[in-house]
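Each of the next two complexes has chain A plus one other chain: chain B in the first, chain C in the second.
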Partner chain A sequence: MTDLLQLVFAGLAQGSVYGLVALGFVAIFAVREIVNLVQGEYAALAGLSAISAVGAGLPLVVAVLVVIPLVMGIAVLLERLTIAPIKKMTPLTSIILTLGVSTAVKAIMLLIWGPEAKGLPTFPGSDMTIGGVSIRSQELWVLGISVIVAYATIWFYEHTIRGKSLRACAEQPVAARLVGISPRTATVVAFAVAGFTGAVAGVVGSPIYLSSWQSGLSLGLKGFVAATLGGLTSLRVAMFGGVLLGVLENLVAGYLSSGYRDAVAFVVLVLVLLFRPHGLARKTSGVRV
Partner chain B sequence: MNPMLKRQLPFLGLAVAMLLFGLLAPHQMVDVGIWALIYGIAAIGLSLLMGLAGQVSLGHAAFIAVGAYTQALLVGNAGWNPLLAAPVAVVASMLVALLVGLPLLRLRGHFLALATLGLGIIVGVFVNEQEFTGGTSGIFGLPNLEFGGRSYDTAQEYFLLLTPVVVIGLWLANNVVHSRTGRALSAVNDSEVAAECLGVDTFALRLRVFVLSAAYAGLSGVFYTHWLTIVNPSVSHFELSVKILLMVVLGGLGTVWGAVIGAIAVQLLDEGLREIIPVLIPSAKGEIQLIGFGVVLVLVIILMPGGLAQLWNKLRSAVQERRHPIIRGEHEHPISQKEQRELLEESLTLLARSDHMPAGQIILKIRGLTKRYGGVTALDHLDLDVKAGEIMALIGPNGAGKTTAFNMITGVLPPTEGSVVLQGIEVAGKQPHVAAAIGATRTFQNLQTFKSTTVIGNVKVARHLRSKAGLLRGMLLLDRAEEKLIDEASQAAIDAMGLTALADKPIADLAFGKQRQVEVARAMALEPSVLLLDEPMAGLSGPERDSLSWLLRRVKDSGVTVLLVEHDVAAVMALADRVAVLDDGKLISLGTPAVVTSDPKVIAAYLGEEDSDTNDSTAGATAAAPTTAIPATGGPA
Partner chain C sequence: MQRSMRVLSTGLAIGLAVSMAACSESKTPTTTPAGTDAGGEIKVGVVLDITGAGASLGVPERQTVEMLADQVNAAGGINGRKLKLFIEDNQSTEDGAAKATSKLLNTEKVDILLGASRTGPSLAMRPLAEKAEKPMISFAANAKIVEGSKWVFKTAQNDRVVLENMVDDMKAKGLTKVAVARDASGFGEGIPEMLTEIGKTAGITVAAVEKFAPDATDFTSQMTNLRASAPQAVLIWGIPPAAGLAQKAYKQLALNVPVYQSHGIGNQAFLDTAGDTANGLRAPLGRMLVADQLAADDPQKPVVTKFIADFKAKYNASPSTFAGHAYDGFMIAVESLKKAGTDPVKLRDAIEATSKWPGVSGVFTMTPTDHSGLTKDALVIVTVDNKAWKVAG
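Up next, the complex of A and B:
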């Protein structure tokens, strides 16, 4: 029982990192119908930059507060440079394009930080044991910050004018344009939001799960799987899906073999698409006849 | 020269060029060439997947790895003859693709891409973790290939061994593109709904192409194994997947030749980056050429989305234009009505089928057909029997539910409830190709033509169900006799519509009304039992309308049932045997044109007497046209 609780708790923390990445996928897909494969890179980049900032002598808090807006800026800049110039975006184009960007970013990170995985120092606090379950303070930080960020993101979309206008833009692009919401602004905001949740995932997760030039790949994939649970359009389900995936992964790693941890996301993806494809895939209402 | 033979010439040219290169080029260049060819084989397969199925695999290295590891295990551990092991290795890759594609290819969009990305990770984890695959160090000490008294252990020998494999592989892939399967999938990429309504089973064809692309990757893995003589987890890595993808994108989508050209270009780029990057950035190590791959991938998509093939085509058409300047504005010779009718009689004998249901029997039985969108009911419990051999028209104001009914009958939309029985078979909620296979096809209110091809290219897709060459027959060019029949039947359908002069024109160059006629020709080419036409008269000139009406009567006489949605009430009343009137999702009147035009409910619906939302501009607009049209035909009682 203690084992189970231990695994579930560790899974909750790890899963909320996936959830944060998933929020970024949804933020962009809801506005542009693009699966942004750079999403995982935001997290890796934030983690590695923060490590360097701390290494350069900045206090942890300052490092984190500097890195997050930096990554948001990079996310928007990359969108302006690569996605904005494309006139006719098809799913195939968007995948190849964002894969290209993600590949280049990975390689640049390899160049700057080298191949080894590194971790950010843990946030302040002391580890504890409750009922036999050992809880790392960083895991509490991860959980707490994830909950706050997730609520803030959802609140932004549902209760602020800017957020509502973004959703309008996704649902009725022409109508949104007519009432003066620019799709360009909507895209920029979406990428900023995606950069934000990705960067937060990167810095809070780094002390436990480490950051490396290639950590964005599997993080991105898991975030995508979580986002798929919400049909790529529901922020709530995406966050919840991430947590669920994290717990499942830890259970599989604990009870079967740690080697199969990375297979869980893939199996979940296939199972979900197999059994609930219409409930989860966004209805492609593009075809009007 | 026979155009069929002429099409094979470039392959001969490629073979000769590769032989010369293999024999004459310096050893170091040949070595680069070998890698270009090994990965090129995989790129050809990926190019088929992307160009035809419109899907992308981001983990194509996984399929190379499955082939490579299977070959290594069978040859290295089990001591099989490499030539026996190779087919098994290829089949292993195909099986993995089948398992992945079966659940995922049903879905549109991004899912296959991300799932294959995941597959790449899993295969990497698997071979790393398992003992029988040798863990991180992999399987080594594998033999060079040896058969027919030769050992393929030098670069030159291996290159010359690869040459026929690549040329034949490219030739087969190119044949697929021009086969029945290739034509159907390319139509799907232009308009999935139209292709499905012509009987194309998108999922089944995509799955086949995906499995075929994995076969190419598996074969690439086999050659990888015997050249490197060691297989380790790096063969499954993300970097290789990106590299293969870059080969296809840089070479140019839509032509398998692009894959080979792209493979050479990327391999050279790879070598170049390995030399240059350490000079520019001394600290660089590892897979740093990835920067180059990523940047080139992005630049190609932004600046040259058609890849090198696009560049080549531009050059070629520029040269051709200089040699044979195209005379613009050439005259089409419109044929006389008499000539057209003669052509039609001829075509009808070609397109006529004798297995239609006897006239008068119920061919289409609709019960309780309903579509709701949230609180809005677009169609409300429609009950309708359509008899074989009649022309039934569906009319009603805008938003009455006519097109919604069409969409549910043809499987384009699943109904909320109700049933559609076509020739005794339930089709409600099934894919459009199911209804097409039972003999019902349609045209579309908003044009759904296959924009990337010509008029005849559009019509040929409709012969999909009337031909049966599979992927293999198409690959081996054993489909020529059948292709000839497809050509003839398609030409007949075009002649019947009086479009003979336009047959080889790109459809996108045609006027709206002409494109609509092509859609009718296309639907007729399927030889349907039930022909559903959604506003076929819109955009047609007066004479064109007359000639379409005449044609529909002739089609009806040959035993085909016609169901049409039309706003031109005068034309409908003159043409239809029976008319069904929908208003606000409900069937309000049904009967002969004379009965319907005198039905007070119909007049009310069109004039808007009962529900007087006069401030609704659309209702006003639609009411205007029919009020003048109804008295013009029968006249209200």
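Up next, the complex of A and C:
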């Protein structure tokens, strides 16, 4: 029983990181039908930049607070440079395009930070053991920050004028434009949100899961799988899907073999695409978010 | 029009960035006239794990090889012939190693092969070197790399030698029930079985075995299972950063039995990832890490001291044990090239004739049946105290 709880708890933390990345996928797809494969790179970029900032002598909090807006800026900049110029964007074009951008970003990170994986220092706090289940302080940080960021993102999309205008863009692009909502601004905001969730995932996860030039690949893939659980349009299901995936991975690693850990995500992906291509949510209407 | 220009320039920028990255990694020099034994440049092919899971091994190995080649060439080369390096990155994969080796053998026609950094890629290179009948010196550990091979040698201490040291230490401490977490790749292959075999006379049994991928980052599941087997000692067999993260997970899961680590942890990356949780671990490691604590008459002392000083002067960092394996491999190649030239058969014979040669990882004596060259006394039990290596008491 202790072992089960231990595995589930570790999975919750790992899964929250996947969930944050998944939120980024949905934040963009729900607005522009763009599958943004650079999403995982935001996390790697944030983790590596924060490590350099701490290495340069900045306090951890300052480093994190500087790096998150920086990565948001880079996310928007990359959108302006590579997505904005395309006139007829289809999901397929976006996949090919962002795959290229993600490869370029990875190469640049390799040039700047070298090939070795590094970790941020652990956030303040001490590890504890409750009922035989050992809990790392960083895992509590990951869980706490993930819950706050997930709520904030959902609240933004559902309860603010800006967020509602993004949904309007997605549902009725022409009508939205008629009432003065600019699709261009909507896209920029969506990428900023995606950069934000990705960057947060990168910095909170780095002390446990490390950051390297290629860590964005597997994070991005798992986040994508979690997002497909929500049909790429539901923020709630994406976050929940990420957590579910993390727990499932840890149970498989614990009870079967750790070699199957990375296979879990892909088995889930195949099953979802076969049986629930619109995601786990019941609604299959065109309404998004 | 303006828009298409923008697309074009963006595409160009990305293309440039990608090709820049590609260039910096492969560093393929332009081809030169084939080096024959009649003279000309000596071509040394080096295949290393520069990116991927083995990066913390491959990068300092590349630095070492480049530094030594410069030193040899600055001193006039080998019998008047300059060394030319062909360094390839195998991306820590077996197929990458095979591809790079084929390229070095068939296109560049190298005289000798060095590498790879890890066991898996080295095993992938072995058949190619044997088929081409060219000598190869691996920097990796598992004895399978050289067992029964005519052409392949290696410089890292055999896993058997490491386990023998560990078993001695466990015996002295009366530890008999050991749980093992091992690297799932070639490096960890067969370790629990070998521990059972060597530990038999000391009454040592393996209580549980868990595997982890060399690039794994979370070890909660493995350590939870080890904890459930209630061991008296835990053996973690892997390379940094994975070995360091496993060490951390071990402490965080409140396992309090002694922990042993392999000789695969001798670098700064391990100390950085494990942090304070590394305090008190025990690992059989080469003498280089504790060079400052060696006796003045130790035959390795001058070699180790010079290597550390040179490496620090050039790269402003302390060399790892992996850099040491590269030093040994490269210098054995240089010594043998001095004696035998580049004729493959003569060169191979010269490597096999290496005897009582003091290197960084130990004093090497190769024989027709032992292509690894190091015995049990090449290692000392080392512990960690406040992020520094110490000879264990």
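Assorted remarks:
The working rule: the second predicted complex is superposed on the first by the 277 of 289 C-alpha atoms of A that agree within 3 Å, B and C clash if a C-alpha of one lies under 4 Å from a C-alpha of the other, contacts with A are read in each partner's own complex, and residues count from 1 in each chain.
Quick note on the criterion: a residue touches a chain if its C-beta (ideal position, glycine included) is under 8 Å from a C-beta of that chain, and two chains touch if they have at least 3 such contacts.
Since the structure is predicted, the reported quantities are computational estimates derived from the model, not experimental observations.
In the superposition on chain A, contact of A:Val35 is made with chain B only, not with chain C. Look at A:Ala263: by the touch rule set out above, it reaches chain B but stays clear of chain C.
By the touch criterion stated above, A:Gln172 is placed in contact with neither chain B nor chain C.
Residue contacts after overlaying the shared chain place A:Leu217 against chain B, while chain C stays out of touching range.
In the superposed model, A:Leu273 makes contact with chain B only, not with chain C.
In the superposed pair of complexes, A:Ser182 makes contact with neither chain B nor chain C. Once the two complexes are laid over each other on the shared chain, residue contacts for A:Ser102 go to chain B alone; chain C is not touched.
When the two structures are aligned on the shared chain, A:Leu92 is found in touch with chain B, with no touch to chain C.
By the touch criterion defined above, A:Thr160 reaches neither chain B nor chain C. In the three-chain superposition model, chain A touches both chain B and chain C at residues 82, 85-86, 100-101, 103-104, 107-108, 110-111, 114-115, 214, 257, 259, 262.
Within the complex, the chain A residues that touch chain C are 3, 6-7, 10, 14, 81-82, 85-87, 100-101, 103-104, 107-108, 110-111, 114-119, 127, 129, 134, 136, 208-210, 212-214, 250, 253-254, 257-259, 261-262.
Touching chain A in their complex are the following residues of chain B: 50, 54-56, 58, 100, 103-104, 106-111, 113-115, 117-119, 121-122, 125-126, 128-129, 192-193, 238, 242, 245, 249, 281, 283-291, 293-298, 301-302, 305, 403, 407, 412, 444-446, 448, 534.
Chain contact summary for the complex, chain A toward chain B: residues 35, 82, 85-86, 91-93, 95-97, 99-108, 110-111, 114-115, 214, 217-218, 221, 224-225, 228, 257, 259-260, 262-263, 265-266, 269-270, 273-274, 277, 281, 284, 287-289.
Within the complex, the chain C residues that touch chain A are 3, 6-7, 10, 13-14, 17-18, 20-22, 24-25, 50-52, 55-56, 58-59, 184, 210-213, 215-218, 220-222, 224-225, 227-228, 241, 245, 252-254, 269, 272-273.
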